[in-house]
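Chain lettering (A, B, C, D, E and F) follows the sequence in which the chains are written, and residue indices restart at 1 in each chain.
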């Protein structure tokens, strides 16, 4: 189980980073989304992997997993969601300003 | 008493501040103010003079940054007195001179202000007891000299010359800073008294050599020593009063002052002798040689200044007590005759409108009085007897003969001295002969005549001084020289006698040989001129400096272009490589003997079924990930694959006991897809740019390495047991937080502050996106040509209508139950948003906006305010921010109702999420509406939904 | 009995997911993939329900509910995009 | 015991239908025929499983809960819409690429 | 119950919310709220300094939950200092913006206030994940401020900046996950205790995680290989935003300093995490910044490059890691932040006074009010390139003295001194272009009024001289801060004298 | 009636929401009931604007009957489809069928379309609201007219009855 999750995290990270290194904005957005999945899983995994032990203190749930990483991941999801939305808007703006979708050839100064 | 030192400085600064003000009332007032400041400074120092002349050292000290060695400590001794007199006295003359020299249109406020600040800087240098303080003043002179040299800033060369001076002297100053820090470190103090007393200790220290070199670098640049001299001749672009002041009495003398000042601490070693005397000698000869070749008489004077500074440096380098005396003496003499020469030159320049000695000839006829003054001063420069220059040169010759360092080759130094003297005579002769005699002037812009009375006055004073010292040295400068040289030698003054006639001796012979040879040399100059002009291109001009500067910036620009092209991946690749490298280093530096990735923990007790499911999940994940990567150019497909990845991640959360995360992920996923699709509208369906294979491979390598690293680290972490604080949360969620969903209790209570930050982020993301999109016009790509007549498919439009109320009910349920069961404000907010967005998707933005006229920014503000106010409410109970309260309320008929303040907080979260999501999505959606509006309203009207006039209920 | 049935059912659903994934990768059209994605979401609901039965508590119910409620929004948006390019306009 | 049998049966049938839908999706020749599998078989399969799960949990607990039915409710509302939209979009695509005619025999060469 | 520690976060947050709510009410209302909040921040900062100046360490337990479990804010000398610097920077920037810059786009004031809230939060928090959250707050606000006013250069710079920082945030979270997964806590002080107990087998993992965290901070601080983005990004922002950004790199430096002293320094696993490489990279940063300044074609880009230099300088001192060095670094931090901020404002003024030529290094029309601008330019240029008698010299002096004995000391000295000289030449050249080569303006359009922006810029002008005048108290404070960072007092204040926390062992 | 109507403008919807609420609630307590009722009354009101021309369910019983029919059809006919899906593909004869509609309400037509989609063998592709035609895709259609008749008889007629249109 641990190996599988770790492999998945690695896969997500690698694919995400590869896309982030592309030239087109849209690929970068995709890459960052993949990366954020990877990150969320790492953060989540820091509480270890347990099936059938939700952190709900209700009847019928005998074991509880670590709730803290889950709370952290939630925060991280929200933040990365906001970021994605912002990035998309920014990419559109940049496109509107420069008339193309890509970072290359920009005149930064 | 000692406070007078500071007051003198203050007087100058006050004058600097007042002069520009006074200039408003006319330049005479300004000059008077400046003169008053200088006189005031002199007067303030005067009471201290008698004591100092008798060998006393006055020290005044105030604490500033004692721990860092920087104190406001001042020192007034013989050397300071000498220089203070030069600075203030010549300064006074310069002020008078300048008021005639500068054009009447110049109100002189700026000039005098700068000049006085400069004078204050100079005075500070010579009055500093703390060497760091000395450095402060030192750099003030660099900066003000920059501004003074560029005073006539309309002139291109002047601007560059000023920067050149700044570059050289500023750079030297920094070297000196390093040297001073080392010196202070070695001596254990930054006070001159201590440093001068610890000379032996300093010279024995291993850091002595670098210290000396750095300090000398500072001194040499300031004093224009070869090969760092080139700034000085170029600085002649400055108005003549500036040249006269900076390059005779003050700035260039700062370097040699420093040699004199630190002589007791640093001199007395082979290194000192070798460095200082060789640089001085080289400068002496080089300056003299070049001076002769200059056609511009100011240039001639400038190089002669270089030469004389070389002489002074050489004298300090020879490092015998008598040579030091001679050096100090020559400082005085040079200041006096050079200042007068510059001023005379200024008059000539002023009267003739040119400085080219090939055109200015025979001026004696037109301005005999001025010419006489100039001839006398030049004579002093040449070392003609009965003038002051003769005396110090005589002392130099004497030292050259008696110097012990050359052992058997005793002839070396005298011969060198004679040659150098010959050269000085030659250029002095040229100045006198070319300017004042040598036929008639050629084609001058103006016809020269004598200057106004008071413009000559400063020159007269100085020339008188030249003669006075030359005729009666002991009477005129004896005590001052004793005091100054005594300070430079720390009181160990050798026996010497100042007199015009020392008898007929070898130095005198050398003087006459030099005089005669110099004149001969001058007469045969033509040949030299040709040689010089043919073979020695001017490497030291402003043009050259500017070219070097431009080359430097261009090179920097090329380097920066390599690393900073504005493309994110150019920044990202270093980040990733750096992270990988540092991570690997950190890993291996703890584990030098090899990898131990897997820990000993048993892992999750998962059944084979769960394992199999996980494996299936991994397969799906791989399909999704690779699909995204493979299809990232076909963007719609990439989005579809991305959704698969999101789904797998959600399922992972479901399987691994994280229902809240699963809910969040599922809902975020939907909104993310919609956002991406909205953006896709404005992008071509496929990316056109093809990337080179090499880059792709490189990126794959980086990404693969990073991915492998993260996987390895995650695996290492997952297989290790650890101790955590999280038991606390499980134990306290119900009793302390009033909720059974530990994750939600953490979010809204234990770590509610995080959540407050998080919704702030979300709010800002939405606002930022709003700001970005507003006013943006974009041309859509796909489908814009063939807009569907049926833009709002009926089945979708109709079926989402009952869905909205149902979905709202569900979201409300999720909001309320969140504290105890999976859910909460964020998920509920997303569900609400999605339900509303669905309306927009199905029926269009007009439909939605007409029915829900929400001011989303305000909704966001309200959400944030509610969340914040919930936190603040705890202040009323004397508890820290965000302290929660919860309890049961028993209502009739309904029964126990559990209430927690955290629920109110969650409501804030909910509102922010709804407001933010809607804001982003509607703004992005409205982008294509703008295009629609541009396309034409008629078609729009034809395809619109049957209009409904119901009033909007959510006002 | 359930101890046998549920794993079998899980196996069936996993097989279904595999087939769906195959369609997703194979395509050939965009809409085929959208359809596969939609199906995948519904399969996921099935899986969630099976988890609940497997683990003996209905904790993941909300997840299934949300997929049922919101899964189709993505599909609708994708189709809308294919239809006219505008998702929201 | 009865509930367990019932649950098992429903779960099995449900899973079978889910699989069936997927088989249809994978196997049928063109988009419009493929559409049939997921919209109906899968929906029904999930419905059966939901009912099974409901019976299972109601048998365990003491109260009666119908909440699983909400899943079915939403599924039944949304599944036809999905199918409708997909079909509409596919139709539109066929209009755009008229040469890719008979949908039955060959795959529309669209990506 | 003293709520002093949280006010620097809540006050701008409330102001930001109010600005949002007042969006419809117009800019004037927003300006009033925003300026009032900034003024109040100054007062609060003074209170904080006074309070922290006594040596007291306030621990504010949010939600009343004890330290390792809940989030705590730690108000000590360092955080008070940072908050004060931030406030001192924010007020003039805001005044400047109120002169019309804020009207160039939407939500300026809200974003600005949120940015301050984020900065203050980052300075005050004692919790690592909370630090992440506040990093995001300040980053997002900075994204918004960066592209405020729009335009192609800003949008492109914004994209690069956002993408880079998003990747950085991802790295931050990975590091946090790994750290929590091995240490089981997020509180910085508690982490120090957990680090001390890390079993030998886990040390490599923990070190690696910690090093990733360091990378993130290095990115925010713009340390050498991660510094290239800064000049073009900061150079693209409108003046008041750029001015506020002057403190953003300092957040990275602050975080590095804080985490390394609060968490890493105490435990052998992580104690030597920075030493071996920080100094060479800091030197490289100085070189890179200097090169950037040489390469720049606009004043704002030069100033931004000098911000990189200041990072290098600061980190060189931190790498040297003595009390003296840290004290010097803090003094330098105050100086460089305020001066760079002021210089950005000046660049903005010059750009608007020169019409079309902007702040580019090409001959343009004579700037309106050239004398005032020129004088201000002189002061800023002297201060930023470390020329006496302004604060830059004092700061550089301290840094030079404190890193003398450190490894690579001579190299660092060389870099530091060159980084004084070369930028000074660039600035001199720029001055020459701006003030000496100008052509007269086509029409006499001289504004007689100074206006708010100029007023703000002139306010910032006072910073450096004031820092010289009050060098002794500031230096004393910095030294006391450095000593406080070294002492266990902060940890004790957060966790109590006995740090044994009830922990649970998880597989 | 009018008072009731003003209080509960959409009784069916409100009932559905109340049902949903109570179904979701972990236990049905009086508190939950009151809360659910409040929600069920409030939400239709708040969202009324989003549902212009909300059709009235005239005969709820007819609707229930129809629901029963549909459910039964779904279950029974699914097996038939199953056979075809698994069976040999060459015997499949997919076809597009146009079903002319008698009803004249978009919403009701949509319900009909949904029912058609849910019941095996047919998927509704499009509703033409100008000519009031439902386009249906049939998986294996041997007799189009029979299909049209079945749809009209089994589903459209009861729908028209229930919604009185």
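Everything that follows uses one rule, which is that contacts are C-beta pairs under 8 Å (C-beta built on N, C-alpha and C of every residue); 3 or more make two chains touch, one makes a residue touch a chain.
Bear in mind the structure is a predicted one, so any value in this text is a computation, not a measurement.
Under the contact definition, subunit A and subunit F share the contacting chains B. Farthest chain from subunit E, judged by C-alpha centroids: F.
One simple way to say how far apart two chains are is to compare their mean CA positions; for subunit C and subunit F this gives 23 Å. Centre-to-centre separation of subunit D and subunit E, using mean CA positions: 56 Å. Work out the mean CA point of subunit A and of subunit E, and you get 27 Å between them.
Averaged Cα coordinates give subunit D a centre that lies 17 Å from the centre of subunit F.
Residues of subunit B in contact with two or more other chains: 564, 566-568, 572, 576, 603-604, 637, 639, 655, 657, 659, 678, 680, 710, 714, 717-718, 724-726, 729, 750-751, 754, 758, 761, 764-765, 768, 770, 772, 788, 793, 795-796, 799, 802, 806, 810, 821-822, 924. In subunit F, the positions touching at least two other chains are 20, 24-26, 113-114, 124.
Chain contacts: subunit C has residues 10, 17-18, 30, 34, 56, 59, 65, 69, 71, 76, 78, 80, 82-83 touching two or more partner chains. Chain pairs that touch one another are A-B, A-C, A-E, B-C, B-D, B-E, B-F, C-D, D-F. Within the complex formed with subunit F, the subunit B residues making contact are 794-795, 797-799, 801-802, 804-806, 808-810, 812-813, 821, 839, 850-852, 891, 893-897, 946, 948, 950-954. Note for the complex: subunit A touches subunit B at residues 1-24, 26-30, 33-34, 37-38, 40-42, 44-58, 64-68, 70-75, 77-79, 81-86, 88-93, 95-96, 101-104, 106-108.
Against subunit A, the residues of subunit E that register as touching in their complex are 129, 133, 136, 140, 143, 147, 150-153, 155-160, 162-163, 166-167, 169-170, 173-174, 176-178, 180-181, 186, 231-233, 235-236, 296-298, 301, 506-507.
Across the complex, subunit C meets subunit D through its residues 1-2, 5-6, 8-10, 12-13, 15-20, 22-23, 27-32, 34-36, 38-39, 42-43, 45-46, 49-50, 52-53, 56, 58, 61, 64-65, 68-69, 71-72, 75-76, 78-80, 82-83.
Subunit D makes touch with subunit C in their complex at residues 4-5, 7-8, 11-12, 14-16, 18-19, 21-23, 25-26, 31, 34-35, 37-38, 42-43, 45-46, 49-50, 52-53, 56-57, 60, 67-68, 70-71, 74-75, 78-79, 81-82, 85-86, 88-90, 92-93, 107-111.
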